[in-house]
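Down below are the structures I want you to see.
Two complexes come next, and they have one chain in common, chain A, joined by chain B in the first and chain C in the second.
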Partner chain A sequence: MGALTLTSIEKTYPNGHRAVKGLSLDIEPGEFVVLVGPSGCGKSTILRSIAGLESLTGGEIHIGDRRVDTEPPAKRDIAMVFQNYALYPHMTVYKNLAYGLKNRGVEATEIDRKVREAADLLQINDYLDRKPQQLSGGQRQRVAMGRAIVRDPQLFLFDEPLSNLDAKLRAHMRLEIKKLQRKLSATSIFVTHDQVEAMTLADRIVVLNGGEIEQVGTPRDVYHRPASLFVASFMGAPAMNFFSTRVDGGDLVLTDGQRLTLPAEQRPALNGVTDITLGVRPEQIAVTETVRDGLVTFDVGMGEELGVSQLLHGQVADAEVVLNLPKFERHDEPQLGLSWPEDAWHLFDSRSGQRL
Partner chain B sequence: MTKDHWSDHLILIVGVLFLLTPLWLLFASSTHSVDTLIREGLQWLPGGEGLAPYGQALTTASGFTDTATGLRMLINSMIMGVGFAVGKIIVSMAAAYALVYFRFPLATFLFWAIFCTLLLPLEVRIVPSYEVVSDLNLLNSYTGLIVPLIASATATFYFRQFYKTVPNELLEAATLDNAGPWRFFKDILVPLSRTMMAAIFIIMFVVGWNQYLWPLIMTTEEGYYTIVMGLKHILSVVREGRVPEYNVAFALVILAMLPPVAVVVLFQRWFIQGLVESEK
Partner chain C sequence: MSDKRQRLPHSPVPYLFIAPQILIVLIFFFWPAAQALYLSFMLEDPWGLSSQFVGFENYRILFNDPEYLGTFVFTMVYSALVSFFSLAIALLLAVKANNIVRGQSPYRVLLTWVYAIAPAVAGITAYFIFNRQVGVLSGLFNDLGWDFAPETDGFDASVMLILVSVWKQIPVNFVFFLAGLQGIPKSIREAAHIDCENPQRRFWTITFPLLAPTAFFLLVINVTYAFFETFGLIDTLTQGRPGGSTTTLVYKVYQDGFLGADLGLSSAQSVVLMLLVLALTVVQFRFIERKIHY
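== the complex of A and B ==
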């Protein structure tokens, strides 16, 4: 039995909107799972249903071997870190941390021990007597996590906790959360729309779209073997390039008639499908200054300097294409030749959007 | 910011004089003897009686019995003002809490029903209110003075608007922290509402202190007279052919004004402090 089991959970709002459509998921003890997806994909609804802040319209939630979806939030033994921290503004940091314990009838000496322990762990000892408004964003974030940690719950829920921080602090706190999670080996579910957070934090990523799971897998899996067009386009920045092609013998034919020879080991995967969307990551494409046979012709457009590399925008067969080139000296060529290695081909069925 | 101009100050000074001159006239006149006042009219400069009329105003009863001294009436008014303000805050906070945080049928309708009572001031319902209080045997009691007046649409409205600005995540965090509805109200909403409470206390204390019609109708025993209605009685001896003690009356007027002024001055500091360091 996993730490958390979702069994075909459903959430339909009174207005008829189906936010979660029969979703099942098993989470192992100590695992860090990130739910990621665009807004409206149901990720927050799932998290809030686990917390008990929303009620399900179908399915079951088990924490360990205990069914919790019928229990009130406070009885589920979970703790949540909110997007806006949701610290009690009139209480000191100490009281913020202690409040949940106090309300559970924990003894004052025990509360004091736990609060100080959590404060040590998060290095917020010096702020215990301050009120939240006297703290910086990063410090508030720590207090919000402290409030979860003191309770020593079976499950931590994070609802986009980093979205209010500036970029530098976000990267820093991201690392802290990960370290902390490893240290406490706390089973955690983290919701975000930021794919960088998802990639860096997760043991397993759950990519959601329209209330359903698109793919569950390790960050590497999800990045290198996206299960669908949606996952391929959502994970990775800049996003994967897509070409609509038609199968002709062993070749893929682009809309402007250019032919690409499919690597031999990819051929069995086609399985009779004729309309193929070919995906290639921007950083896996190499350029050649001369346009010749066997290379894809690329009409050069705008360039963007990133420092570590350069983004080159342009078109292949009327489709927008982005290249991410590490060491590229720009000249004034109107066209370039493109090629990519055999492991860079991602083939999707254009109709179903599924990986072949 | 444009630079101050002398005309700005002129306007302010004129305003201050407009408001304070009558008060000064009252104060200066209250320190003269009745004879001087009757012969020469209102006085601009303090006179020889000093603060003696104030002592008299506080200790002398003006009615048929000896109970309605100035001090007694001030205490009654204080009870009325504080009871009125505190009662209104408690009732309207509870009403607003129910309206904002509990989903029950007709909540919106009920809110607007409460709001519509703004159109029905005490004067409109004074006969039925009197009837109810009289049937409950509450005439000539502090309960009767205060309770019929403590429902407040205005305060309910203010608290409702305030609660709506409290982030919902606080409620959710409290729910996860095992705080039920009562704990959430007591531990989180009430402390967050402190500045609102101070603001409403200022307004409502002054309104309660200045109540005239209700105590006038409600109280027949002089022991329950309030200062605002008592002011009238002190001059009503004119009809009895005696010379009214104008200086004592003026002193009582000044005394009647002090507590509301004190409340405003005192609470305004909290109020402004609260506005500056907003806690939400």
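== the complex of A and C ==
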């Protein structure tokens, strides 16, 4: 039995909106699971249902071997870090940390020890006597983490805790959270719509779409073997390029008649499907300055400088395409030839959107 | 470096804008207050034809009057009870209303519209409700074995007055408390749900402290209400009867000054009242506000 088990959980809001549609997931002890997906896909709803802040309309939640979906939030032995931190404004940092312990009848000396330990860990000892308004965003974030850590719960829940921080602090806190999670080997579920956060933090990523799971896998899996067009387009920035093609013998034919020869080991995957969407990540495409047979013809458009690399926008067979090129000197060629290695081909069934 | 601060040109126009307000305060507050202070040192004949400086004579009479002491005590107890009950009941109702998911608005409207009733009308309505012959509540009390007689029994009259005063003040408090409750961020309430299982404890440790600014503001409002605005209720309901047992300080000012035509004594009372309210306000701001987190 895992640390957390969701069994076909369903959530239909009173207004009839079905936010979560029968979702099952098993989380191992100490695992860091990240839920990602576009806005409105039900990430917060799932997290809040686990916390007990929303009641399920179907399914079961087990933490360890306890069934918790009928328990009140305080009895589930979870801690949650909110997007806006939700610190108690009338209490000092110390009291904010101590509050949950005090209500659970922990002894004062024990509370003091735990609060100071957590404060040490998060380097917030200097602010223990301050009220939350007297802290910066990053400090509040730490206090919010501290409030979760002192209770030493079985499960940590994070609902976009970094989204109110500026980019630099966010990157810093991201690393801190990861370190902390490793150190405490705390089972955690982290909600974000930022794919960089998802990729960097997760042991496993759960990609959600419309209240259902699209894919569960390690960050590498999700990035290199996206299970569907949705996952492929959602993970990665700039997003994967897609070409609609038709299968003709061993070739894929683009809408403008260009033929691409499918690598031999991809052929069995086709399985008789004829309408194929081909996906290629922008950074895996190489350019050649001459247009030759066997290369894909690319109509050059705008360029964007990113520092580490350059983005080159353009078109292939009337579809928008982006290239991410580490070194590219701009010349005036109206057209370039494109090629990509054999492991860069992602084939999807155009109809079902599933990976082949 | 030069002084970069923006300097607004001084113009008389702003003074023109606040002039009406200042005039109103001067005419309707400072002038009567000064008059009262002046009159409290004078002895005037009932027709206002002649008056004579008597120093602290009016105050001496006042403080040696056992009836005044009774009025003073009644006012204090009455104000404390009215403020306490109207705040407590309104808070309870607001907390309950805030937890209702469906049909919240009709419930709110029902609780709020009593506010629109003028005190005198409320007094007359209550007069009928408590009337010996036709009153609903009067009948109920009698059925419960309480020989309810507000016309003759000072305690019964006080109970009646307090009930009506509280009832009249609940809507205001309710509206403010509800607004205060809804101003508490949802995520803080949720964090509290995770940290604390016991709803009562949660209320007293999280909700109430966050409502404290509202409660303090309402406390000031309610004390003022009990002191002054209940005049209309008293005048229609008991006129201070029986035997002055439901007379508040304000009502006594009116009785002695307008009905008793003893302007000097009545003025001395208003001066005392003024000082009392001033002292109360200072106490409230000094000692209570300090404990409040904003």
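Basically, the second predicted complex is superposed on the first by the 356 of 356 C-alpha atoms of A that agree within 3 Å, B and C clash if a C-alpha of one lies under 4 Å from a C-alpha of the other, contacts with A are read in each partner's own complex, and residues count from 1 in each chain.
Here, contacts are C-beta pairs under 8 Å (C-beta built on N, C-alpha and C of every residue); 3 or more make two chains touch, one makes a residue touch a chain.
Everything numeric here is computed off the predicted structure, so don't read it as measured data.
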item	value
Chain A as common anchor, with chain B and chain C clashing or fitting	clash
Partner chain in contact with A:Ile213 - chain B first, chain C second, else both or neither	neither
Partner chain(s) touched by A:Ile50 [first = chain B, second = chain C, both, neither]	neither
Which superposed partner A:Gly100 touches (first chain B, second chain C, both, neither)	both
Partner chain in contact with A:Ile285 - chain B first, chain C second, else both or neither	neither
First (chain B), second (chain C), both or neither touched by A:Ala232	neither
Which superposed partner A:Asn84 touches (first chain B, second chain C, both, neither)	both
Where chain A meets both chain C and chain B, residue numbers	51-53, 72-74, 78-80, 82-84, 86-90, 99-100, 103, 131, 147
Residues on chain B engaged by chain A in the complex (per definition of touch)	167, 169-170, 172-179, 183, 187-188, 191-192, 194, 277, 279-280
Partner chain A, residues of chain C touching it in the complex	101, 185, 187-188, 190-198, 201, 205-206, 209-210, 212, 293
Touching residues (chain side chain A, partner chain C) in the complex	14, 48, 51-53, 72-75, 78-80, 82-84, 86-90, 99-100, 103, 131, 147
Chain A to chain B touching residues, read off their complex	51-53, 72-74, 78-80, 82-84, 86-91, 99-100, 103-104, 131, 133, 147
